[in-house]
Amino acid sequence: MKNIFLYLLILIPLAGAVAAMLGNSARRISLLAAGANLALAVLLLAGFNSPSDDPFRYRAAIAVLPALDLKLLVGVDGLGMMMVLLATIVTVCAVQLSPEVKDREGAFFACLLFISAGCIGAFVSLDLFFFYAFHELALIPTFLLIGIWGHGERLAAAWKITIYLALGSFILLLGLVALYLAIPAEHRTFDLTKLYALQAQLAQNSGASLVPVEKQGWIFLTLLSGFGILISLFPFHTWAPQGYAAAPTPASMLHAGVLKKFGLFGLLRVAYPLLPEGAQACSKVLLVLLVGNILYVGLVTIAQKKLDLLLGYSSVMHMGYIFLGLASLNIIGQSGAALLLFAHGLSVAALFAVMGILRDRLDTTRLEDFGGLARTMPLLSLFFGMALFASIGLPGFANFAAETMIFFGAFGADSLSVKSVFDFTPLQWTVLAGLWGVVISAVYMLRAYRRIFFGPLPDTLKSPPDLTAAQRWPFLVLIAGLLVVGFYPRLLVDVIKPGLQPTQPATPARVGVAQR
Amino acid sequence: MNPIYLEASVVVFGLVLLMAEAFLPRVDKRTFGWLGVAGLLLVLVLSFFVTAPTEAAPWQRFYAFDSAAMFYKRFALVTTILVLVMAVEYVPTLQKYLASATPGAGVGEFLCLPIFACAGLMWMASAIDFAMIFVSLELVTISFYILVTYTRRNPNSLEAGVKYLILGALSTGFLVYGITWVYGLTGHTSLAKIGPALLALQGQDTAIFFSFALILVGLGFKVAAVPFQLWVPDVYQGAPTPVTAFLSVGSKAAGFIVLLRVLDVFLGVPAIVGKIGLTLVVGAAATLIYGNFAAMPQVNFKRLLAYSSIAHAGYLLVAITSVLPHPGSTNPPVPFGETIAFYLAGYLLMTLLSFIIVIVVANQSPGDDIAHFNGLSRRSPFLAFALLIAMASLAGVPFTVGFFGKFFVFASALAGGQWLLIGIGALSVACGFYYYLKVVRAMYFQPVAAGADAAIELGGPTKAIIALLAGLILFLGIFPAPALDLYHASVKPAVALAK
Amino acid sequence: MLAWLILFAPLTATALILLVTKSSRQLSAFLSVGAVGASFLASVVVFFGPDFTTQFNWLEFGQRLIIPIGLTIDKLSRTMLLVVTGVGLLVHVYSLGYMHEDRSESRYFAGLSLFMFSMLGIVLANNFVMMFIFWELVGASSWLLIGHWYEKASAADAAKKAFLVNRLGDFGFMLGILVVWSLFGTVVFAELKPAVERISNDATFAVILPAAVLLLFMGAVGKSAQMPLHVWLPDAMEGPTPVSALIHAATMVAAGVYLMVRIDFLVIAAPTAQTVIAWVGMITAVMAALMATQQNDIKRILAYSTLSQLGYMIGAIGFAASGAAMFHLFTHACFKALLFLGAGSVIHGMHHEQDIWQMGGLKNKMPITFLTFAIGTAALVGFPYLSSGFYSKDSILIAAGAKSWIFLVMGLFTAALTAFYMTRLFIVAFLNKPRSENAKHAGESPMVMWVPLAILAVPSILAMPFLLGRSSTLTEVLGLAHDHSKDAWNVPLLAMFMFVWGVGLAFIIYRNRDRDPLRFPLLAHKFYFDEIYAGLIAITHDLLAKLSGFFDKYILDGLLVRGATTLAFGTGFVLRFFQVGNAQAYAIFFGLGVIVLLYLAVRP
Amino acid sequence: MPLTLHDYLLVSGLLFAVGFTGVLVRRNILVIYMCLEIMLNAANLALVAFSRFRPAADGMPDYHGQVLVFFIITVAAAEVAVGLAIIVALYRARNTTQINEINRLQY
Amino acid sequence: MTITLFWFFSFLMLAFAIVVVVQRNPVSSAMALVVSFIALAALFVSLDAFFIGVIQVLVYAGAVMVLFLFIIMLLDIKAEQRRVISPAALAGGLIVIFGFVGTFTQMLAGFAPAGATAPTLPHVIEDVKRVGILLFTEYNLPLQIVGTLLLVSTIGVIVLSKRELK
């Protein structure tokens, strides 16, 4: 156990949470913990590029239940590293952007740090069991955050989000256990690295699959439903908008920005590599559902009249793109999906942060109450605009790079010799729907921006003050992250690619490919 | 030391305490509670030093000292120790409801009776003969009749006692009749001999299942399985809280160990395995549904915990079903003993933690409704946080022992291919989150009721025990191995048995 | 390196303005102007330099997908660079004066620089994805600039509309890129060309290739505001006038044409698509010209005229005359920028009055503006032989004639209409008597504004004939070397006839009028396009959104999710009625349970 | 026709049923308690019959069954004592022995 | 003779058991129960279980029923004024009982050893001795437990029924 760094990543926020609960200056303590964690994550990222045969770095393990080969095994590949970075960045920003907490401040920040620790734990776990368990660490803090410090219909929302997610994660647990049991008894282990190795070895030796092919379909479906509920896959999405609307700002940021990504991360980490045939078998179902996410939820978003719900629904909608990348079943689309995890995490955190500030300053989230705020809140409008453009996939922001990869990956996924548009494969039709979704998202986002920041300033709004100095840098961090990755996505793509590559099926050649 | 001395020392210790209490009227009654705790602790320690006897003795026909028996003995001891702690904490309430002319009268007996019940529980853990099962179970049951009714100035307590009495006696009737029939079929009461004798019977599966069903009625009552669970909510609500805790943990665990031993015998008869399987599956499904769904509208905390206790019986039954052979799966039947033992260990920690807190809070509040926990996070952040951990564990949140319990249960159910139960289990878990978090909502979201906002005082030892329990819940939630090792720790022979 | 400088100088300016000099308007302005100046100088250097391509891989997945960010300097881009940076520089300078009193000058210049960056990216792009990137960025910066006066509801709405309509086009553009990539495995223009040639006779691709081209063309339709996505451009006139000049006349709207010229090898390989493109272009030309005849806002007239001229260019693509299209693009960029800046000068002088019927007699009040505007008008209407517009329009008309007589007729009709409405504008605004207080007290704009006018006037009237004569490179680049002897029609003559006819008619009708004597509601209301679209959106998208919202709230969430929880709760509520409290009832339930178990025993 | 085990078992079963009926239908707790005793005695009858009809190796009745009966009787006596004490306490507190009148705890 | 006696006492036992169930007055119920138990003791005797028969009379008919009667008198419980049996309970009870009797007889019909007749005994009956030996040797452990049980119930009865605890 010489590599304690990843444990530290989990322990720092936990320790911070305890200190925040007991100490006096909770905000400072948690900012310190979150900042230290971010610094550690950056250091680890910096050390990540050293050449190595092992895709998983910084490995360490603590045995927990030897009988089941259960151990607290941690390690990160590129994907994990990126998720850790996302989690730490958003945590710092969320803590810094927390509104003033008058009631039980310590508990508030402790809850935030708990969620953060849970996310990070899930991202670094290489053991199926703890991978699952860490995610659940966020459940009760979310309930408390919404219930105690929430807005509007906080109680109903707290119930809904908690029960729905509990149900979802239970289904997920069943799926994971089913996966475990479907592995031939002599190979059974929760250790993902061993499972990967076995899978690769079996594929090489006999072309066989670790999990029997006939079982893969329904296990994948179970995992998809479980993860799907956590990701707010259509039609299991209704918890998300209300939950995010009711949650205090930093909770929404962490939840929508990081925690929700756990499901997708899980699909990438567990379901797709270990159940390739299952993924293939279920792809049609997934396509239908993700079109639901993109088009149906997109339309629902247009119909929203409150900013918080609108942002909530829009974050649901964008999950559809990530699913599209996953469904492409190839390295391009899945890298895109992975990148979009990161990009969407940052952008949605920024959006929710703006929403929270507006709510705090103006006591309303109804779009019709707003207007002309660009005059009094120029900085906020600038940041919101950038986050908004990022989220609708404007080039220059990471979201665009990711969506581009997703579209390319999905469109070129199948062996292709299209003769007419009517020869499109289902996946290609889905891409079409996805592209239309880009239009839809522009419609509602610009509509919202127009309502809130443009037009005349209504008399009812007493010209609210702009961002304070302390509120500025988190936005800068988030936007800068989006821009840097957006300008040169390979910064992250090249890091995450190796982790995804070995699990992909060979790519079929196509007609008419230019010779190079 | 011979394991049989464990129970003997508990009984003797109980007697000594009873005498001491009678002859030392001036000593604060609570002292006897702490003395009881100390004595049982001593027995608990002793239990790690027992060795198997070197030669066969007649009592070995009745009495097993395998690892399971030892585990459940220790389980009973720990439960009783904690119940005694609760009882000491409960003394103020107790005195309010006792018909005592002098302060402290009747308290001593209240503190001694659990010790005798503990002996009964320990005997049950070892019972491998129906005669032994019957008498030890009755010792426990009759102790509980008394304990439930103990605060007889409290009409609820009385009512609970009467209900428990009638239904308990009814279930005893069925148990006895079942034992009679088993005896009639095989000519034996010893489990070890019944098994082969049942196999030797030809074409008698109707009668075999008939007698099994009657015994199952008696044991189903103990473990609170549907449809023999109806007493649970009323009795739990009415009984003095330490007794409720004792019932829900000790009595249930003892019921389960007996059920497991009996099931082991009857599952050896291939002709009735199908019917047993059907019974268990339907029973588990009904218990899950009843316990979880009916818990949702509850407003009284103890009643809520009663339904929760039914729900957990359902989960435990689910674990049992995994042993059933099932077509279409290559997985061998999963041995459930370990799962159930671990689940019950976790259940002990979280349930007793909840009940201790109920006692402490109810002592300083108007009652024990969930509404009386409103704003507990302000009155005592420590208690609120501890109860939060207990509730999270009961609901099955990871990194609590409750999660590992559920994990093992559902893993074995999946391995056994029990799809119906898994589906119902999923819904149950969701319901569970609702009603356990209802308590969290009360503690954290609701404002303190006017006039009941005094900070809650908490004695040092009690506080330490609460912290210990909460800590154990978390520790076993991350490292479950110690509890499982305990289950597998068998009694070492003093000298190698020449058998 | 120089190419990168061209591209990134304006972006640097944007970043610096946003991060550092936001508070100092002056500094921001000069930063922006300096950046575009640098780009211009570099472009000049590049213009006389060799062809080259420089790139790095923005995304790379083995051989499967390589998306480079690459800059191409070739004949096409270096000319376009010159136009874009040149006009851009002038507009920047002009803006110094025009926006001087605006307190958001910093934001304005940041947006303008961002726009320059985006536009230059389009010009330099060597592949589809990079072009798409800058394509979208152009849209975003245009949104920013149109919405510059965001407090005005109409400006805010116009900005939104422009962006959304462009997005609609981009939908097709991206899809087209995907189809092309899936067919050829590359997105780089230079690699596509040989691949396309290899399959040009393959019947397998007879359907998909035109489809792909049309999808790509959708992008151009959006950006170049062709029918039916033209509706955003007139509204975009809500932005500051220099923006209209730069973006909505000279550069951005020309990007669609530029794109089509870039991929003309694809268009030629797909004749079906070519015909469609021709029709779209020419219909736009005619209809926009018709609409222009009934507009009263000086900028809107120019906007419709822009539409119409863009129609010509797109049409030229359809006639396989991409050289002519480019030629017209260049000339149009100069004279339309001139006209817009002139209009801006008028508006500036008229204290932001834009209705031409409120003007009149500006000839004397604003002599320089008058003169330059006259030159611009002449170029636009194609004043025979003297104006650049004449030559470029002619080359398109000739190509139209070569394609089909119907296109020639449409082209000529448009030419006549152009002459008509421009003359109308010119007469009403400059010549007749002043018709308002503002008009009476109008004055000439400052030098910083009229110097760019003057500079732009030069190429409008002179440069093209001069260049045509002298620069063989240009004719070669644009493929204008045309043998007139084979023409079936004497197009220049016909065009001259149309010019005379249009100018004359307008002169007769509008000479000394105070009100518009002509009333064509259909044209004044722009063929009711906006109304039809509003209705269409209302009965499709909006209705769908409302339905989905309803479904989500009441069916999915209400009926299913909440229904499920209510059901669970109800079940619990009902179940606890077993718990009646009567121990005897418990005993009976107990007994029923026993009976069930015993029945199981006797059941065979 | 000589007496068979069947006859004894039938009588035992009927006695059990009668006792069970009393538990299910009577309201007076004392009578219910009596009926519970009837049920236990039905079991005793069957036990004794089994022990008689199933001789041990030496041809005598299987006395293990009778030992069990002894235990049952003892335990039943203890149960009766405690049960009656509870009923007395109940009567003192609520002045009733009707089972349908003690339903404060419900739902 | 034995058969007649068996059926006589069986009938007596069952009939008085039924009287226990239907009789309004608890005192009458208790008296009927005594009769029923004595008949049961006779049946025990018919099975050559003299010791059990005696115990039955002593413990049940004697001690337990006297206890019942004492309590009934002590509490001064009158005959129930209104219906003894509620219709709902009767309906539910009858369903259960018929179910029980039905399944029981069906099970019994298929119970193979049921046809056995009582074997003649080779020795003199010495059941007191045999039971006694068993109790104090082999069954010593359960006996101890029963002892504890009696202790507990003694404590319980005292605690529960004293008017005032001192």
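Details
A, B, C, D and E are the chain letters, set down in written order, and residue numbers restart from 1 in every chain.
The rule is short, and it goes like this: a contact is a pair of C-beta atoms (placed from the backbone, for glycine too) under 8 Å apart; a residue touches a chain by one contact, two chains touch by 3 or more.
Computed from a predicted model, the values in this text were never measured in an experiment.
Minimum number of contact steps separating subunit C from subunit D: 1. Closest to the middle of the protein, by Cα centroid, lies chain A. By number of C-beta pairs in contact, B-E leads over the other of B-E and C-E. Chain centres here are C-alpha means, and the one lying farthest from subunit D is C.
Chain centres here are means of the Cα atoms, and by that rule the chain farthest away from subunit E is C.
Once the centre of each chain is set as its mean CA position, subunit A and subunit B turn out to be 43 Å apart.
Centre-to-centre separation between subunit A and subunit D, using Cα means, comes to 65 Å. The centroid of the Cα atoms in subunit A and the matching centroid in subunit C are 35 Å apart.
Each chain gets one centre point, the mean of its Cα atoms, and the points for subunit D and subunit E are 5 Å apart.
Contacts with at least two other chains are made by residues 9, 16, 19-20, 23-25, 27, 32-33, 49, 54, 64, 67, 71, 75, 78-79, 82, 86-87, 89, 99-100, 102-107 of subunit D. Counting only residues that touch two or more partner chains, subunit C has 576, 579, 581, 583-585, 587-588, 591-592, 594, 598, 601-602. Residue positions 131, 134-135, 138, 142, 145-146, 149, 152, 162-163, 166, 170, 184, 206-207, 210, 233-234, 427, 430 of subunit B each touch two or more of the other chains. In summary, the structure contains touching chain pairs A-B, A-C, B-C, B-D, B-E, C-D, C-E, D-E. Only residues 4, 11, 15, 18, 58-59, 61-63, 98-102, 105-106, 109, 112-113, 116-117, 119-120, 123, 129, 131-132, 134-136, 138-139, 142-143, 145-146, 149-150, 152, 184, 203-204, 206-207, 210 of subunit B touch subunit E when the two sit together in their complex.
Taken together, the subunit D residues at the contact with subunit C in this complex read 20, 23-25, 27, 32, 99-100, 102-107.
Contact residues on subunit D toward subunit E in their complex (touch as defined above): 1-11, 13-22, 24-28, 30-31, 33-35, 37-38, 41, 44-45, 48-49, 51-55, 58-61, 63-64, 66-67, 69-71, 73-82, 84-89, 91-92, 97-98, 100. Listing the residues of subunit C that touch subunit D in their complex gives 576-577, 579-584, 587-588, 591. Contact residues on subunit E toward subunit B in their complex (touch as defined above): 103-104, 106-107, 110-113, 137-142, 145-146, 148-149, 151-153, 155-156, 159-160, 162-166.
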